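The first chain written gets the first letter, and so on, giving A, B and C; residue counts start at 1 in each chain.
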Amino acid sequence: MSGHRKQTLWHALQPVPGGDLLAGLRGSFDGMADFEAVRLGEAAPGELYLCYLSTMVGSEHLLFSLDPAFGEADASLVERYVGTKFAEGDLPACVEALCRGGTVLCTPSSASGIILETANWQQRNVTQPLTENVIQGPMYAFNESYRTNVALMRQRMRTPKLKLWETTIGCETSTRAGVFYMQDLADQGLVDRVKERFARIETDGIQDTGQLLRLLGGKSLLFPLAVTTERPDRVAGALLGGKIAIVLDGTPLAIVAPGAFTDFWEAAEDRNLMPFIAVFLRTLRFIALMTNLFLPGFYVAITSVNIDVNRLEISLAAAGSREGVPYPVLVETLLILFLLDCIVEAGVRLPRTIGATVTMVGGVVLGQAIIQANIVSNLLVIVAATTALTNFIVVDYQMGLVLRVLKYFVLLGAGVLGILGLVLCFAIMVIFLSRLESFGVSYLSPAGPRARVYKNEWLTRLKGTKRSKERPG
Amino acid sequence: MKGRKKLMRWLAVLGMLVPLSLLQGCWDIRDIDNRMLVAVLGIAREDDQGVKIWVRFPLPHSPLGIGNGDKDFLTASQRGDTASDALDKLRARMPKYLDLSQTRGIFVDRGLAEEKGVYDCLDFVVRDRMLPINAILALIEGDMGQLFQRPNPSGELSGVYTRLFFENYAGGTPQKNKVALWEVFSRHYNPLQQSLVPLLVKDESFQFNLKGNAFFGNDKMVGWLTPEETLIYELVADRMSPFEIETAGGANVKVEASRAQIRTGWASGKPDIRIRIRVTMKLMDSSHASPMSTRTIEEEVNKLLEERAVRVFAKTQAKGSDVFGFGNRYRSSLTAGQYKEWADLYKRASITLKVESNMRNVGLKLLRD
Amino acid sequence: MNDSKLRLSDAQYFILQLAVFGATSYFLYPYLILHTDGGSYWMPIATGLLAGILGARLFSGMMAQYPGLDAFASVKRVLGWPGLLLFALPYSWYAWRAMTMIARAHAEIVSMTILHTTPLWILHCTIPIATLLAAGGVASIARAAAVFVMVGIPVTVGITLLGLSNLDFTLHEPWRATDFSFLGSKTFYTSSFVWVGFLYLCSCGHHARSPGKLWRPYAVAALCFFPALAGAIYLPVLTFGVGFAKALTFPFLSKLDSISHYWLVVENLTAVFVSVVILLVILTLSLLLHSLVSALRALLPFLPSRFSYIAVGAGTYVSAQLIPSWEWIEKGIWADTPVRIYLVLFPSVVWLWSRLASGRRQRA
């Protein structure tokens, strides 16, 4: 702390007529048990008070406030302060700083106080990714701390070109959000658009990036408009592809925008594998997507409408296993899919120790019993199990949920019109997707004309070369 | 926000309407266990006017073991004025929906084919698309009921495998001339070619035995070729499957490949058809009594096939039934009006067939010793 | 997104055109070509192809006069309101009738082949779906087109390739026809509805970089689709013979029915084919719907866009529902032939007129 700076700071504590910062703080934090205003002692400007929320501040920052050896406070006390930075602020700034975990040094009659950054936030360690496991690739993930996440990104990309734009969201919670983008690689139009969208957000508070994604606009009611990831390497890769990343305080999931439908089928480790293997895996996932969406519908179609599409032998097997089942195929299928979704959901929500039991009871016992009770046919159990299995192959959790919903839609289509219904449902889904735009980019890209901003990232990755192409318009 | 609420309300209304439309439950939804799938359909002559149809349903193997006892098929028959009339009447008797969409084979009684023709009783198939037109067609000699009611001795899912009898990948041989329904239909509209349909009789240990192949004239069966004679058809039509045993002068050969070259033209107002067939074969068994050289065997085969061909051509020419489709080659030299006269032209045609056989190898045991 | 800024590449026009061919050429075309006089079917197909390319050339010439404007706006610039009326009214007629026929014909095909008892009002659901797509604008249509064509065309081509089994080349009619007698047959002119597939360009052609070259994607698509189109006619002929093929309503679909392979997992290829072609039909309907709405809005600029889409969609649905029979569709497509030919020849009038006008301006 230079002498000059110290002087100006002390100047902030000078008594001002009508200055009642301390009283104002006490008023604002009335009824908060953890609010403490400790009198330090007398100094040149008057009585010195230290205000903080005892639950938020780290004691190591301010040794002196706890040290009873000092009977009298003076300017030298503050020099023991070991925090990172301090600033001057008026009442609203002080209130905000206290909520953030800062400490305010003030006198009863000053209009402004000195804000000391003493926050000691509770956070997890940087651990392995929980939702996006990879076998080959970096093994750490974001956590809930904004600062840690930003630091992780900075560590991966040591360049001044990585720009970070910050804002706070929520008139009550004041959550910090940051937008990462690479200068010259990201489209400026996209960045401006995102900033402008942020300015338009009106909300009391925000808890997760999923919520943020909805607030950032987009008409989609079903499809997630951008990928959320907890992997710094994935974010870094996307940034180099010209996308932007949004990090939000309090959640380990970062948004990578804009997102196209194909992005949801890309696992984090695809880039780390040989091209043929990556293509194979992606094809596998794509087939799984199709199976997951269309298999129950297809089963209904070939057992109740277009039975001549498959072989007579299969038809007979299906007829045999359905003999004695009291419900129509459609109802039977709805029933088992509902049951299966319940088992999956129970497995997800329950603690891990009980989860295994639920799977056991639900899957094995119930599955066996339901066949023996002749409520659904054997063939359908195979179909339902395959459907559930292929759903787990879907990399992105949000997309997996969407597919779980959409398979019912396809099922109804198939139940009415058979194979034609499947195709029509497919058409309707594609049409909805074709009308979606994620942050100004067509959701179906790279198919069809490009919307305002677009980086040809998909192709770039396949070729393994870096080629950023500016789109006009 | 307001728009979204409105949309949600619409979605809710839609969500209530969709199940309502399902409750109607009609249209084309018939669950598979509510259908009885026909594997084989038979049409026989009943009396002067009507026909009698036979259907064979394979019964699904149910874990409950409902109703089927030890039999794995069910046979039903019904009399009617026409085949589709009989099917209608049969529907009235059935507990489940009669589903012809997976029929594998259609059998027509020989007598019916001789008197009324095949096309007439099957016209409904094309129009309604209730029956796949790639089903196998065959003629049956003898009692059709017996054939339909007997369990398939080879023990498969009965009836389903009727088709396998003809298929190349299963029991098919060149003598069993596989004919799909559409082939018969297209021949009906094509005066330049007639169909050759297998003629089956009951077999002691298996389901059927091949008696021969019936040839048609003007949509009616007019005669039949023996299985050996059918080989000439297969050779000329290039439909030869690669396995085939021919005996010539005590030696067995396997004809592995053949290639027919057909030249057509006119000679003194008559169609002049010259066929040259190259046959590649393999020795299977040589005669122990009189050992022959490769050359002699080849000549024997040529002679045998050529003589047999003369018989076959005489047989079909006598009835004016061009099963080989030579007439198609005269499309450009005949006017559309003359197509009808092809049967007569074919009767007068001069047909020469020349076989050039080539013994490719003599198997794992040498011929000269 | 903003439509005026949208740019479509030639590849996208190619894709759209392919979809239009796929949607229009399977339902009535084989029947029409098989019933032309003369007997060598490649001649009417090739003649239609050449005439189509020529027509597309004329049409793109008209679009090139005012790049960035759609056909209606540029006609209005050149000929004024009367010209617009002379173009947009027949165009609306054509688009409406074409949509109605295509939707109804496919509903009828589905009804005849796979879903025998499902009522037509359900099968006409292609029209609302197409309206939904059209209301998204050209960008959305082009995106959906990429996906639909990616699914639809490989299946179509694959099934056509499967159709290469059981061919008997002695069944063909003479390759070399002595005369051009097909020029005298009604069905040949009726078959022109396949070749005027470029007419949808009047509402979205101006998104091209150079609208004058729009005929190229058309020509490439036509040439690429030519084998499939020829297959739709020749495969049934070479399998069934001319007689039986002529006796069938959908020779190509019956040909698909006749295919049987041991290794083929799908038994009923017709059901798959008809279902998948519906994708292309939806796309074509939405293109026509979009162009019809553009035509209406060129005539009545005060119409709100959402309303006009809904109105046109509902109108098409009702009129498709009102068509009484299959025979009526055949007659209707024949009756519209003059309108189609008029619409193809109209651009040359525009072109001539603007030439004259510029000549006059130079002289003055």
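Here, a residue touches a chain if its C-beta (ideal position, glycine included) is under 8 Å from a C-beta of that chain, and two chains touch if they have at least 3 such contacts.
Just so you know, these numbers come straight off a predicted model, no measurement behind them.
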Would you kindly say which chain has the C-alpha centre located farthest from the C-alpha centre of chain B?
A
When all chain pairs are ranked by how many C-beta pairs they have in contact, which pair ranks first?
A-C
Just curious, how far off is chain C from chain A if you go by their C-alpha centres, in Å?
46
Compute the distance, rounded to whole Å, between the mean C-alpha positions of chain B and chain C.
39
Starting from the mean Cα coordinates of chain A and chain B, work out the distance between those two points in Å.
64
Which chain B residues reach two or more other chains?
27-28, 101-102, 132
Multi-partner residues of chain A (at least 2 other chains):
305, 308, 416, 418
Could you say which residues in chain C touch two or more other chains, in rising order?
114-115, 118, 122, 267-268
In their shared complex, at which residues does chain B touch chain C?
26-28, 101-102, 126, 129, 132-134, 167, 169, 180, 182, 185-193, 325, 328-329, 331-332, 336
Chain B residues within the chain A interface of the complex
4, 7, 18, 21-22, 25, 27-33, 35, 37, 39, 58, 60-64, 66, 99, 101-102, 104, 132, 157, 160
Chain A touches which residues of chain C in the complex?
1, 5-9, 12, 110, 114-115, 118, 122, 125-126, 129, 132-133, 136, 139-148, 150-151, 207, 265-268, 271-272, 274-276, 278-279, 282
Give every residue of chain C touching chain B within the complex, in rising order.
39, 112-119, 122, 168, 170-174, 239-244, 246-248, 254, 257-260, 262, 267-268
Show me the residue ranges of chain A that touch chain B in the complex, using the header's touch definition.
221, 303-305, 307-308, 312-313, 315-325, 328-330, 374, 378, 412, 415-416, 418
